[in-house]
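Letters A, B and C mark the chains as written, and numbering starts fresh at 1 in each.
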Amino acid sequence: MTPTFAFIQILNGLQFGMILFLIAAGLTLVFGVMDFINLAHGVQYMVGAYLAAAFTAWSGSFFIGLALALPAALLFGLLLEFLVFRHLYDRDHLDQVLATFGVILFLNQAVKLVWGAEPLSVPIPDVLSGTIELSDGILYPVYRLVIIGVGLGVGLLLYAVVNHTRLGMLVRAGATNAPMVAALGVNIRLLFTIVFGTGAMLAGLAGAMVAPLLSVEPGMGDHVLILTFVVIVIGGIGSMRGAFVAALLIGLIDTLGRFVAPSVLRAVLDPAAASQVGTALAPMLIYLIMAGVLCFRPSGLFPMKH
Amino acid sequence: MKHVMKTLGMVALVVTSGHPAAAQEKLKIGVLVTLSGPPAVLGQQARDGFALAIKDLGGKMGGRDVDVVVVDDELKPDVAVTKVKGLLERDKVDFVVGPIFSNVLLAIHKPVIDANTFLISPNAGPSSYAGKACSPFFYVTSYQNDQVHEVLGKVAQDRGYKRVYILVPNYQAGKDAVAGFKQDFKGEVLEESYIPLGTLDYQAELSKIASMKPDAVFAFMPGGMGVNLVKQYKQAGLAGRIPFLSAFTVDESTLPAQQDAAVGLYGGGNWAPNLDTPQNKKFVAEYEAAYGKVPASYAFQAYDAAMLIASAVTSVKGDLTNKAAITAALKKADFTSLRGAFKFNTNNYPIQNFYLTKVAKRPDGKFETEIDEKVFSNYGDRYAKDCPATN
Amino acid sequence: MTHRLKPNGRRVVPLLIFALLALVPAATAIGADAFVLSLVTRIMIFGLAAMALDLLLGYGAMISFGHAAYVGIGAYSVGILSSSGIDDVFVQIAVAFAASGLFALVTGAISLRTKGAYFIMITLAFGQMLFFLASSLAAFGGDDGMTLPSRSLVFGAPILKNTVVLYYAAFICLLGFYALCRAIVASRFGRVLRGIRENLVRMEAIGFAPYPYKLAAYVIAGMIASVAGVLLANQAEFVSPAYAGWQRSAELIFMVVLGGVGSLHGAIIGAALFVLLAEYLSRLTEYWPMIFGPLLILVVIFARGGIAGLLKAWR
């Protein structure tokens, strides 16, 4: 691995980590404040991507599409909250896992019914479609840097809101002890709705941001969902800082693992076999790390509850 | 809305099954394809292509009414086995058509063959059943999987590429792809990059390609993986700089999403929508009119599968009791394939022409693959010699 | 009628279930669809796995989101052994027991250090780890999975080839493990386990350390589920990493909750409903999950206690 190559892989890892962070931020808030396991968070990401694709195709501009997709994703999230999730807050985790799994089943088919099974496409807007030459002949797409920028921006914004506003104080308090916050006379319903809406919109934003990179297709949220859960569990449920650190960690490990594992195995296997075994083992790395973290820190890296 | 209507139509078609018909017994055909998850689009193409053929046949084969039962294998092997047992034991189908994916075929082959029922694969053509394990009950209307990769290896060799970078998914079909490509390609393979299934982001591999500067890239990335790869290939500024040879990566099922990013990329195949035979012209026009999209090879191969079955049923005059007679009739392949020249090898995999195809934008704004040059004529697979002639 | 049955009420439903299951092959013998046999075999296999999970969910309050992994271990024990020529079903079950027991012991020892949602997620992580491991076994088909050369042998005889024999093999396993689970639940061990679920603090106060009890239950549940894997491999004559995927784990949880958590036989009812619904809805429309998903939500919201709960209320 040359230094440039390693640098590119790190950029890729960061970019993937930022996407994971956008999704995980909402999930960890909802999980932490409302003690609600929302498996449907992944399909909200998918719906965000579909909305962005639909609005972009309709308006002809990615930016208008994005601008419309975000409030639409928010509304959609609130609708789900009203129809399903609201009835599950005082249930145990088991009921929540199941009912939200039902939402996944429904929505994965619903998008197919509405938009068809063919993957949809969103072109990268012209202003962002350029590439930057890192070194001789090695180009890096501007759009990916934009994703890193958006992730950082959202991260800073959330950090500011959570740590320096009254709302943020309530969120932190809610993540530590929600019944106590309610007992103190705070309108916990309203707080829940705000938190949930924010989470839905962030997942939608992540979906809309990846739409130009990835194919928008039914079931695209399932794989990401599991990774997102890994992220928030490693980070510590309810911790924004934990979600950020863990998302970048997982993004980097997932990306670098695909290259490091095969090159390490090359010492003992021939290149083709090393690549095969290495890429098969690389996804396990994430789960190994998660198990390792939880083994020594059973409440994640930045635990909220005491 | 269009989809809703189509689904209702399909439901009507499927629900007609259930109990044995009272009057003249209908001919029953089970279609088992993947209709859920990201690859659903491939299964829909096959299902629609098959339905179109039944329509063209007037709903009859050899004078008997045809009843088609469509089931979804969900791309889960154990579900596929249960579904296929339902087709065999409950619906008592005479033919099973399917599946799309080789791993599903591996799971359903045994139950179908053990039930002495004919299995026609409209897409999956693994080497497993092309050699020693060939069977008089198993037919393939597509190709032996390796052949498509051999086309691209031959092209890379003929065009004098010396250094090639290979990108395939990390599963059996990916390994077969590499083996197939290397069959005729004698240059240097810079790297065989095995990608975990379901990988979304190829930026890492693409930057490696950019730094290695190979003469060409060979990719086998079916479905959504291909969509992502092609879009990102273009975004990384590699399109137009490094020739992109691919198998199952750019076709009419993925082009609606790849669009301009795929134009000029190469693929390999036994057919393309613009293949110039009268039957094919009619098929493509009908398919586009009925379903509003350009057919991919899955649709055409399923169409041919229906025509193959029809030819056999007609030749035995609708009498399905004599299995040996049906086998003989199927082996003759006495129908006009949309691809033109077509016959079965000893292992019941096709002998046919293979082409290099290139993605183009049609005047009407839709995208399709078009034939660039013929690479192999009347080409059979290399496993057939191991198939006992008595099969 | 109901009054007279009341003292034995707890036994009536399971008795009915097993009587019904025992009679299915007779029904097919006198003309019912042969497919019913395959379908009910599948129900019993998933019922066995779901029942094992119920031991954790219902009696130990451990929400394992990776229970399909043990089904996978059982299936791969059959696949790997039979591809190297070891066809005897008892050897295969012994290996499945050893492998699943060991896996459950190691992962359970780590997982049980965590609580609540962390436990759900760490069991999911271990399940996924096993899934990716199975996918990387190139010699045994990797992602594609592998076809079994033949079904397992019983004392050297290929009797499982017969679908009725396979049916009763699954039936005997289900009945046997049901009896075992009942005995476990009624034993001192089971009572301690339930005590820990009901009131951890009190149990600790009277001198019970929860950890070894929970771990033992976790290992037992894993081993029982592996038998379901052995049966599933034989039924499908195919082994695939998909058996161990997280969606399958979610389906197992669904079966338990649908049937009713903490009743053991509820898991069998849940499995039956799940398999039958999936089978018949999917024949209605390819969009069947759009019916299935909302149904799931409605069951969770409105039918607390699942089907077994409804039966109890009705009685």
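The rule is simple: a contact is a pair of C-beta atoms (placed from the backbone, for glycine too) under 8 Å apart; a residue touches a chain by one contact, two chains touch by 3 or more.
Because the structure is a prediction, the values reported are computed rather than measured.
Visitor: Could you find the chain whose CA centre sits the greatest distance from that of subunit C?
Guide: Greatest centre separation from subunit C goes to chain B.
Visitor: Report which interface contains more C-beta contacts, comparing B-C against A-B.
Guide: A-B
Visitor: Using mean CA coordinates as chain centres, what's the subunit A-subunit C distance in Å?
Guide: Measuring from centre to centre gives 32 Å for this pair.
Visitor: From the C-alpha centre of subunit A to that of subunit B, how far is it in Å?
Guide: Each chain reduced to its C-alpha mean, subunit A and subunit B end up 35 Å apart.
Visitor: When you check subunit B against every other chain, which residues touch at least two of them?
Guide: In subunit B, 7, 35-36, 170 touch at least two other chains.
Visitor: Using the touch definition from the top, which residues of subunit C touch two or more other chains?
Guide: Each of 135, 142, 287, 289 in subunit C touches at least two other chains.
Visitor: What residues in subunit A touch two or more of the other chains?
Guide: 108-109, 112-113, 276, 280, 283
Visitor: Provide the residue numbers of subunit C that touch subunit B in the complex, in ascending order.
Guide: For subunit C paired with subunit B, touching residues are 33-35, 38-39, 42, 135, 141-147, 232, 235-238, 240, 242-243, 279, 282-287, 289.
Visitor: Using the touch definition up top, name the residues of subunit A that touch subunit B in the complex.
Guide: 2, 4-5, 8-9, 12, 15-16, 108-109, 112-114, 116-121, 123-124, 129, 131, 137-141, 143-144, 210, 212-220, 223, 255, 258-259, 271-272, 275-276, 278-280, 282-283
Visitor: Which subunit A residues qualify as touching subunit C in the complex?
Guide: 31, 37, 39, 84, 87-88, 91, 93-95, 97-99, 101-110, 112-113, 222, 226, 229-230, 233, 237, 276-277, 280-281, 283-284, 287-288, 290-291, 294-295, 298-300
Visitor: Under the definition above, what is the set of subunit B residues touching subunit A in their complex?
Guide: Its residues touching subunit A are 3-4, 7, 35-38, 40-41, 44, 170, 175, 178, 191-196, 198, 200-201, 203-204, 207-208, 210-211, 213, 223-224, 227-228, 231-232, 235-237, 253-254, 256-260, 293.
Visitor: For subunit B, which residues are in contact with subunit C within the complex?
Guide: Interface residues on subunit B, with respect to subunit C: 7, 10-11, 14-15, 17, 35-36, 70-72, 76-78, 81-83, 85-86, 88-90, 102-103, 106-107, 109-111, 170-173, 197.
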